[in-house]
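Note that the chains take the letters A, B and C in the order they are written out, and that residue 1 is the start of every chain.
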Amino acid sequence: MTDILDLLTWDNPVFTAYVVAVAVTVLKVMGQGWMTVWRFQTTGRGLASPEDAAKGLLNLAPDPSQLEHDDYVDRSRRMHRNDLENIPAFWVAGLPFVLINPAPGLAWVLLYGFVAARAGHFWAYATAKSHEIRATFYTIGSLIVIWMAVQVLWVVLT
Amino acid sequence: MTDILDLLTWDNPVFTAYVVAVAVTVLKVMGQGWMTVWRFQTTGRGLASPEDAAKGLLNLAPDPSQLEHDDYVDRSRRMHRNDLENIPAFWVAGLPFVLINPAPGLAWVLLYGFVAARAGHFWAYATAKSHEIRATFYTIGSLIVIWMAVQVLWVVLT
Amino acid sequence: MTDILDLLTWDNPVFTAYVVAVAVTVLKVMGQGWMTVWRFQTTGRGLASPEDAAKGLLNLAPDPSQLEHDDYVDRSRRMHRNDLENIPAFWVAGLPFVLINPAPGLAWVLLYGFVAARAGHFWAYATAKSHEIRATFYTIGSLIVIWMAVQVLWVVLT
């Protein structure tokens, strides 16, 4: 097997692609938090804690109904939850995947394919596309993470 | 302290055990998502988004009641949430733990002990065993992660 | 660019600061789980699964009302969820950030600033301070993670 230390260099295009995919998906996850903020601030609905319905700079017209469930706001929280169910596993599976020295073409397809699949999932979820469309993007992303973990196990254990 | 670069090799059994534990728990987390899919597909209940209760290839007999809370489906989501509350912390604490060069026997017990504890937690939660049994597995896994983080801090700060 | 292997050493204060920040925030996330346990054990309220309201060593006076929503217990779960929406992204963005060899002073401010911001967020959320105070700590932590990811992309892609 290739020496791990030979792979930990910016000259390794697979390692660089991994770092780019990590940074982009980190921004995606953080952005999802801000999408939730945007949604409850602009609608004044779907707040999660009692103290958020008190008067303040972020809430000039407080009302107890602001604490009621709101699908528009909760949708962003569900998107966030789905991110957390998939993206951290990608982050942590990706590093040993890089270190088993996969074929660059395959690695490129899996790493950027995951980013693309999650972008598609974001689009389908945010615009409330059919369950079938959203599930397709979810499935692609999930299978990519599973592939990486299985290939890592295969290489390490055999 | 041992040079970090000397530890980043597939000849280091602690590093290899860490990678195996990561890959297995990644598959566990991804599998939990598919368990939720299985549960709402086979029961047609506990769907999370309004558009999921529309007619489509994944939903041939749509009904508004499909959006109601369902413990069988929600249980899988709660298992997933518990995973996310514990497993990513294990992933990220494990790497510096490997890099402080712990005793291999201890590392082996902690790394595979965590995997075993989470397997027990999965079994206890999926089959609705008593709170006491599930809490025992949760506690073992949690204490292992805490141990690793404390040992890392101890070695790095002293 | 500096060779990655030259940065992976305990003599690199930025790498060491990253490991310390990771270990401290790992303990914070694990501790949040125990805060939830503490809250539902001491109040006997806000339990999440039907079987938790059965008689047992952890529940000597079971009652169906123990499964009702309880803000005191749910608050700890919301704090945990907010952790999961922010801290794993910090963990994974921090490592490539260390590997692009940032200025030590900047790195120190960002890494420990994130830890401090999350400590403030914990305090504001646990004591139900105003939305404005909690949001300020959230914003600082979020912007730090975004900064790290953007700087990584900038250095790697240019």
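Details
The rule is simple: contacts are C-beta pairs under 8 Å (C-beta built on N, C-alpha and C of every residue); 3 or more make two chains touch, one makes a residue touch a chain.
Fair warning: this is a prediction, and the values are worked out from it, not measured in the lab.
As for how the two copies chain A and chain B face one another, under half of their interface residue numbers coincide.
One copy, chain B, sits rotated relative to the other, chain C; on C-alpha atoms the angle is 120 degrees to the nearest 5. Between chain A and chain B the centroid-to-centroid distance comes to 17 Å (mean Cα coordinates, whole Å). Within chain B, residues 5, 8, 84, 88, 92 each touch two or more of the remaining chains. Looking at the complex, you find that chain A touches chain C at residues 5, 8-10, 16, 19-20, 22-24, 26-27, 29-30, 32-34, 37, 47-52, 54, 56-59, 80, 84, 88, 91-92. Residues 1, 3-5, 8, 71, 75, 78, 84-86, 88-89, 92-93, 96, 99, 125, 128-132, 135, 138, 142, 145-146, 148-150, 152-153, 156-157 of chain B touch chain C in their complex.
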